[in-house]
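The same chain A turns up in both complexes below, where it pairs with chain B and then with chain C.
What follows is the complex of A and B.
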């Protein structure tokens, strides 16, 4: 039976861990917490993933909880989103003592910044907040960040932003139960689609490696898979706006989590989906066969909705992965090299590193 | 002085100052694994002060023992409360006070759900959603002004 094996437990945070983010190319993990710090963790020996040490602490710049952390695509910088409404940009001081320094502070949100994300090219940064807005920032030289756009179509808190893996296309998830897709037309950012279907807050979203699908995690205790349909798609899904693709829910994964789902990660190494939340359990799904349950062409024509309820194949379910605590974050290692690694962070203040064993 | 939202609340008689629960054999034994029940939860929250009136949640009938569901085995607690009037703008604050009280007193293994009793508030869905959003609760508790108000309401909790 496939299972998750715990490789290491990383202790150090003094409050709940909100988010864990892998370095884009190295076996280094950044985690952030209610203790207002980010910790950087590194395997002491690349061959032995059971021994980790904290090699850096980012502190002093944020006065309140750090809700999320994200590495720039080149791994040179970290962005932190805090309840203090600001976004911090951090760099390792390679010439000096090797400590991480806050080199820029992005201000503008009216209250808590919930999530930040760098575009694949590293040229853009997106932030979102309880103030219902999503901001797009252009990364300029000398740690300057210029706000290109303030997007205000969500009607409630925006919980998370995520960039498409290759295109300059942004997805945002909200307390208003929707996911919105944002694109730009000559630097003019607009909402190209609004994905409705979840019955409660959408806490997390992640793209699959191709960028044609999104998985979303919600307080309604389901995961949904959304597929992009471009104009003239062979399935016959209607695309009402000229030249604009639409995203449709193609499967709703039900019957597993029995409380809020806070985090979801779609592996770019092997395509498995991991999710976790307030039911203390990490689940690993194989959802490759979801389309076997897709409706027939006639049914799609009748409803214009390809989606259906779907159980998914649960490969592994680790109960009490952080004891009786909520799990706020799960993240697959981003590349093949250690693609079987999964990091998790919980309300217990611990960070855990797991490995999926598939026999 | 600002106008009270509910100027003439109905006042109910509170039970005896101390716990209404009967003394049990193993109560004095700290090692005992006595399961937590609805009465115990009720005792924790009934003496919280209302944000508007110098009265307890029990005196205003905002909390009642019968509206508390506990499963010690499943680590779950559901507290339903009844705002004094259906448009009570204090409902979220009252719910937050109950949540903070239980956060501070209950073992962390418990998952606590708090909601207004069905049909007792005009913004029932919005209030419930906010009270059960852990991120909003965490952010609220980092707001020193709000925390002070919560602490004032909790000062009377025994």
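What follows is the complex of A and C.
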């Protein structure tokens, strides 16, 4: 029977853990916390995934909680988004003592930075904040970051930003209950689509490995799956804006979480979706086709909606994964090498590493 | 004081910053330290009931314009407040009061009304109503004079003074910086100077950071937790390079609130609006035998931030209890006035010749027409970069004939996006840079500029900074395009109208300028010149004790 087996519990942070991020290619985990630090964790010995140690602490640069941490696609840099309104860029001092140093600080947000994300190419960095704006930065040589655009279409706190796995397309999730899709047209970035459907704050989003679907987690206790329909799509979904794709909700996973869902992760290794939040439970879903509602062409034309195409089948649900504490972040290992590993961070200040077992 | 209806129709966003609710904590004197109850009576007034039963009526918290300037929030919510203080209603009131004063034969309540119109407003009306800028100028003159306005002027005139003064300020700063050693002046003979030819200072003490900047052996500059607003060594304004343009109040307010360290870099020459204010109240006043408070000066501008500028305490005379500019109304508010006066079709307006005095008109040498508009060449945001480049090229390096709008003698490049341009003066015949200027419009480009200046990495000598993408022609108070026209096309159309039929004349060729400098100011470097043509900036302290700021 499928279940999540706990491999390790990592202690060290002195305040709640907000975010866990796997290195893109190595079994190294970065976690950030209300204790204003980032901790780097590695398995003590490569064969035994139950023994981990903290091999680095990034500290001293931020004056408040670090809310979000992300590795650059080449694994050489870390970005940290902090409640002190800045984003720090860190590098390992290979020539010196092997410590991580803050090599740049991106300022500009008016208040707490909530999330940061690197684009797949590593050329762009997105940051978002309670000031309702999303900023897009271009990475230049010499650790200089140039502000490309300041996007102010959300009407409330922006909780998360996530890049498409291959294209330079950005998605953002907000307290205004929408997800917005951003693209660039040579001169500036603009909002290409605004996804409405959730009844409350959208806390987290993640793209599927193909980039054609987005899963979103919300305070309305549901997960939604959105699918992209490009202009001229065979299903006949109308794309009103010239050249712009639309995203339609094609599934709602409801009735499982009974509190806010704070984090969601779509595995690139096996396609399972993990979610967790205020109900202290980590759930793993398999997204399967839903063939009970095949709409006819006329029905699609009439509503301009594709209908429900998928269902989320619960594979595993681990209650009290962090005791009685909220779980703030879940993250699948990014590649097939350890694709069954899942990291989680919670309000109890612990980080846990799990393995999905699917007999 | 009625709320200006025009504002509710237009977008309040002046592009400068994310809008945010006003968080200004109101300081109200507490009557007692012990907690009492709050009682609301049936008129809606609030009373504090202290423990011994006494009721004290509580003041309603109000925010006036100057409070808004002190708030560490945004500019856009300030606009909703300033609207109650500056609108066409105020102008109507003054004109009505004048009529009453004439009937009662009471000179003491009569004020001479002057309206100064910006060329951007002129272009906006020309674009929307299919007129030439000259026709618009004549029609607006007719319209305002019919209402009882005494003089109608053009801020292109005062802009000449602003441009010339800014250019002189730049050359002065540049020379002082060279003398100080903070920049190296490249030589014309093409010999390579040992230091870089750019204005970037490396660790000279202008902007110091928490950690020393290490260059070799690593390629990167490492700054530990570089996140400080304070500069270790204060920057001297007189030699601060790059010099940043000062005409845009949106930029000034943002810099004062969020980037106090950059204030010494900003030029302290007044904007065309405020120089017109000084001229009207001080020079015109003395010529007409009127005290400054006997003149009511209205400016018609393309944006709302100009209202904030007019109400700065630096532009208020304590002696006469009057402002240099009493009221700013926008292009859209003037259009509203047309409707309010029952005259919606500009095509049937009458035309009046433009007033002598502060108008930029000449006899057209080609057509012989009596009043043709003239103005400095340069784009619709005032042409500061253009003129200063031309002036500095001549004064510093003896290179004449530089024309930025025609790319003569300079290399003009669009960098990164259409709102960021670089203009480089090169040694004639080579590509070695002598002066590097830039124009940065819009919030994202201002961000990049400010960051570079803060870390002493800015390669420019002068930057024309404007808050609005596409500059003043696209100001928040300009007339809106018809629904069918895309914004980009509309901006282009208005931009073309800006120069339509306007003859080019360099500020130095304006005969009135020399006269003004001599008769009014007593010379270009006198104390009076300094008082009338220059201003200062004030960093706003962030109120960290704000009880509304929530710590997570």
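The working rule: the second predicted complex is superposed on the first by the 346 of 359 C-alpha atoms of A that agree within 3 Å, B and C clash if a C-alpha of one lies under 4 Å from a C-alpha of the other, contacts with A are read in each partner's own complex, and residues count from 1 in each chain.
In the analysis below, contacts are C-beta pairs under 8 Å (C-beta built on N, C-alpha and C of every residue); 3 or more make two chains touch, one makes a residue touch a chain.
Since the model is a prediction, treat every value here as computed from it, not as a measurement.
Peer 1: Between chain B (first) and chain C (second), which does A:110 come into contact with in this model arrangement: first, second, both, or neither?
Peer 2: The answer is second: A:110 touches chain C but not chain B.
Peer 1: In the overlaid three-chain picture, which partner chain does A:175 touch, first (chain B) or second (chain C), both, or neither?
Peer 2: After superposing on A, A:175 lies in contact with chain B but is clear of chain C.
Peer 1: After the superposition on A, what does A:159 contact: first (chain B), second (chain C), both or neither?
Peer 2: First partner only.
Peer 1: Touching A:65, do we find chain B (first), chain C (second), both, or neither?
Peer 2: Touch partners of A:65: chain B and chain C.
Peer 1: First (chain B), second (chain C), both or neither: which does A:57 touch?
Peer 2: A:57 contacts neither chain B nor chain C.
Peer 1: What's your read, chain B or chain C touching more residues of chain A?
Peer 2: Between chain B and chain C, C touches the greater number of residues in chain A.
Peer 1: Looking at A:325, would you say it contacts chain B, chain C, both, or neither? Reply first, second, both or neither.
Peer 2: first
Peer 1: Thinking of the overlay built on chain A, is A:143 touched by chain B (first), by chain C (second), by both, or by neither?
Peer 2: A:143 contacts chain C only, not chain B.
Peer 1: Could you look at A:269 and tell me whether it touches chain B, chain C, both or neither (first, second, both, neither)?
Peer 2: neither
Peer 1: What is the shared patch of chain A, the residues that chain B and chain C both contact?
Peer 2: 64-65, 83, 112
Peer 1: Where on chain A does chain B make contact in their complex?
Peer 2: My answer: residues 16, 34, 64-65, 67, 83, 111-112, 114, 130, 157, 159, 175, 200-201, 219, 259-260, 278, 323-326, 347.
Peer 1: Going by the contact rule at the top, pick out the chain B residues touching chain A in the complex.
Peer 2: Residues of chain B touching chain A: 75, 108-109, 111, 129, 132-136, 138-139, 142.
Peer 1: Quick check: in the complex, which residue numbers of chain C touch chain A?
Peer 2: Residues 17-20, 218-227, 416-418, 443-445, 447-448, 451, 457, 551-552.
Peer 1: Can you tell me which positions in chain A touch chain C when the two form their complex?
Peer 2: Touch residues, chain A against chain C: 60-65, 83-84, 86, 88, 91, 95, 101-105, 107-108, 110, 112, 131-133, 142-144, 146-150, 152, 187-188.
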